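As structure tokens, here come the structures.
Below are two complexes that have chain A in common, paired first with chain B and then with chain C.
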Partner chain A sequence: MENQLFKPGERIAIGASGGKDSTVLAYVLSELNRRHNYGLDLFLLSVDEGITGYRDDSLETVKRNELQYGLPLKIVSYKDLYGWTMDEIVKMIGLKNNCTFCGVFRRQALDRGAALLKVDKVATGHNADDIAETVLLNILRGDIARLSRCTSITTGEDGPIPRCKPFKYTYEKEIVMYAYFKKLDYFSTECIYSPNAYRGFAREFIKDLERIRPRAILDIIKSGENFRISTSTKMPEQGTCERCGYISSQKWCKACVLLEGLNRGLPKLGIGRSRGLNSDVKKDIKQGGGTESIESKQCGSLDF
Partner chain B sequence: MACSSSTCNSSGCYKGYNEEERKPTTRAAVNGRNSHQNLCVKCKSNEPICCGIDRDDAKFCRDCFKTNIYGKFKQAVTYNAMITPSDKVLVAFSGGPSSRVVLQFVHEMQYRAQRNYDASKDKSLPVFGVGVAFVDESSIHSFSSQEIEKAIEDIRSIVSNLAPPSKELYVVPIENIFSSDGFDGKERLKKLLDAVSDDTGKEDLLIHLQLLLLQKVASENGYTRVVLGSCTSRIACHVISATVKGQGYSLSADIQYVDSRWEIPVVLPLRDCSAQELNTLCGLDGLKILELLNGPRSGINGLVSSFVKVLQEENPSRECTIVRTAGKLTPFHFNRIPEIHDSNVPLATRRRQKRHSLKPNGSLSSESFCPICNSPLDKSNLSSSLSSLGSHQNSDILAAACCSSCQFQILPKEPSLLEQFVSLLPQPLITKANHGDQGDFSLLREQIQDFLLSDGEDEN
Partner chain C sequence: MQLTLEFGGGLELLCESVKVHNVNVDLPKGVDKLTMRNLLSWVRTNLIKERPEMFMKGESVRPGVLVLVNDCDWELCGQLETTLEEKVVVVFISTLHGG
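Here is the complex of A and B:
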């Protein structure tokens, strides 16, 4: 309520993966909408990356959610949008940078799905733990630009479709307990490609931290909000991709660069030191790659 | 002050070389093994040594390595006008590798200045003075009296060997922060620390008291600067732990080269050197290190320390990146040396300092500071706690003036315990808290200096 996330009459797409965060989000939003008459039009939007043994199962859960909560569902798939499934991509590029591809493609997929549904906002289930991890990751990787944006509860307001994270201040533990006690139906397995992600370092640290001092997670977010970052820091200029028309700060959007690499059999194209648009984290899939900022001095390169 | 990571995790040495001993003999053996095809990248004539900054083979030979580190030190000092000829600097010595190196470098700088002075005809530039302070924490740790005596002996011999020019050594027990000496102080300190239930809070409170004590020693003995040996590694740990404690706003104040919040400005000349480099240097030059106080830390600080260590192992330039990222946060107006208006200081010095000192960022505001940790307070966060103030008890007023991190981890929650805690706080802290609202007039004055009618001072 405090952040004025929604207005009556808005159409909201809920990024639904079938995992605990998005399921609880869907449940809570539809309940509140009903009980307090928010007047929101809610939709479930799901992305099919084509990961067998993981995504196909979780999609079943989302389809069940559709019936349980009475929210219309739309599924967009990598295969339809890009012509590649994650399994095919991993076969091509291996296990080290696959999260980069998935993250970039998913962002676009969500936006395209949202555009097809003609919604005003996309709500994702990112919880406090996720955002705290992102703050730490951005510090570790030198990304001051992202650091200034990652704690906002709503991002991309000047872009095609704004994205918000209603669970920004909710601990992951709370979500798990809520789902458990309300006996909500969700899919609880991790993405099979996630163990190699860099995010794992931050995640483990946060878990240890939570044991010593639980409020530290919210303190990290608070620090992130309070960082003194000069607004004159160079932010990438926003244009459009020449190839597909999507929003981009370079000539081609990151997804097109990556796709080009895949199609030409050059898996490293777009990986490594380059600027890209990909900012927000994707829920339930830990992002391993991502882009880093260019500044280089005497320190070694952040190679993957 | 001591570094967090006391072991050199050099991943360049693959042959099971255990850095924990840091013995010169082991290092010599490794030198032989590793110096195959490569030559030092700088002088291209000698064999490189293994210092492990890059995962690849070593880059510098012994001499170039030392020159490189000293160069970083010297540049930090010059660019930030840390030490000028008229200064008297107090080096905080903990016995660890980085404080040993900073002491050594400050001495070398002083030695060269002395030589130049002796050789010069007009004796125009005086040599800056150097003192050394060691905070003796034996009253709160359980060291045997022999251990502590031996440590102090060692320190005395180190300092006396760093002459000429001679340096005064101050061995100050931590309980001297309370003006009374001896047993009284020890008891009070114990009670104060026991009143803090959070482990991390206890550690942090101790660090704040250490700094306060250094300030006391410095100002009582006429010093104009306090030099800390904080290295990149320690600062990287501080960045993470401050973020974790919710101190994101004040973080940029603690990690700059210069910190003038204090009565005696605190400078960090080794900010660009990593713990590994400094460890290696100590080994190379046979600089003696005291392991007495570098024990493992508990709570959040310890966790962050091991986290950064893991990251550093995974990528040796991680600490550097962390500090660089944090370096992009906007510093405060007190993160530079205040300009000298003393007409006794040579004009040349003042001009040089003005040229080198960093320009202030944005508008000048008078910050208010937390009484305990001295961190600048975000005004928007402060107003809520003050408005809910019911009683006018001193302890409540002090508590409300503290930052949220100190309120959580240091101050006792229960009112009677809080009152007792506040009564145990050292006098300098209380005095500072009371003067807190007056802001920083010297810097405001600086800004309007050009418009003030001079009283016959030199024009800058």
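Here is the complex of A and C:
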């Protein structure tokens, strides 16, 4: 309530994957909407990344949710939006860094789906554990720009469509317990391509921490919220992508960089630091459109 | 002792995709009460057919696996020291997957 997440009459898309968080979110939001007459127009929005044996099964769960909770469903697919399924992408780039592609593409896919549904906000099921992992990940990578944004309960208010995480302070354990006792129907398998994801290390650590001192998860989020960045630090500015118009802090948005790499058979384009690959890219781009550099630059350091 | 064990959240895949097991657990020698500690090693030996590291880490369950004893969180009943009675229902739910 105090975070002012929703206003009456708003159209909200719930990012639904069929997993525990989004199923519980859909259930809770539709229950509360009904019980307290929030007057919200709720929709289920699902992304089909094209992962056989994982996504096709979980989408079946979302379709059941659509019937069970009476919320209209829209599915957007990578194949339609980008011309590539995750299966095809992994065949090309292997099992490392595939989560980078998927994560970048998914965020855009959610925004495009939300635009098609003409909603005012997108709600996702990220829970406290997820946010604590993200804070840790951003610290480990020294990504200050993301660190300052990742703990906000609502992000992107100045961008295409704002996104909020109602479960920001809810422990993953609480969500699972709730789903169990309410006998909610959800899909529970690890994505087959995820074992090498960097986030896995952060997750192991957070789980071990939770065992010793459960409050640690909320404390990490609080620390993330309290970070102050020195005013002398250079921060990337938010502009728009030259190629597709999406929000971006570089000349091209990450999704366009990655897609360009895929379509040209350069799977490393947009991955990691620009260590010599940049010069090849520069040559190519000069012949093409004339952008200076499409690799991310390092952006300043934390002052204590 | 007759017990019912349930596996959820993906753990059933470690037990040949069977979610509910009605089992008979013998007390270890010299022990008059069955504790969760005993039960866990029994489960690892007799029910987990693959990837035991997904279920247990050291003496206890892997962090991220919830344990309910008769619908009560085991952290409230003594965790590994929880004593089990006849016909108790123990549920193991994994939380480690996408949401």
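Everything below uses one rule, namely that the second predicted complex is superposed on the first by the 269 of 304 C-alpha atoms of A that agree within 3 Å, B and C clash if a C-alpha of one lies under 4 Å from a C-alpha of the other, contacts with A are read in each partner's own complex, and residues count from 1 in each chain.
By our rule, a contact is a pair of C-beta atoms (placed from the backbone, for glycine too) under 8 Å apart; a residue touches a chain by one contact, two chains touch by 3 or more.
What you see is a predicted model; the values in this text were computed from it and never measured.
Using the contact criterion defined above for the overlaid structures, shared-chain residue A:Ser22 touches chain C, although it does not reach chain B.
Considering which of chain B and chain C touches more of chain A, the answer is B.
Touch criterion met: A:Ser188 reaches chain C, while chain B stays clear of it. Contact with chain B, but none with chain C, is seen for A:Asp219 once the two complexes are overlaid on the shared chain. Touch criterion not met for A:Leu81: it reaches neither chain B nor chain C. Contacts of A:Asp208 after superposition on the shared chain: both chain B and chain C are touched. When the two structures are aligned on the shared chain, A:Leu45 is found in touch with neither chain B nor chain C.
Shared contact residues of chain A, touching chain B in one structure and chain C in the other: 208.
Contacts from chain A toward chain C in the complex involve residues 17, 19-22, 125-127, 130, 172-173, 175-177, 180-181, 188-191, 194, 203-204, 207-208, 210-211. Of all residues in chain B, only 54-55, 198, 200, 239-240, 242-249, 251-252, 299-300, 303, 307, 310-311, 314-318, 320-322, 324-326, 328-330, 361, 378, 381, 405, 408 touch chain A in the complex they form. Taken in their complex, chain A has these residues touching chain B: 135-136, 138-144, 147, 201, 205, 208-209, 212-213, 215-216, 218-220, 222-230, 233, 295, 297-302. Of all the residues in chain C, the ones that touch chain A in their complex are 8-10, 13, 63-64, 66, 68, 71, 73, 91, 93-99.
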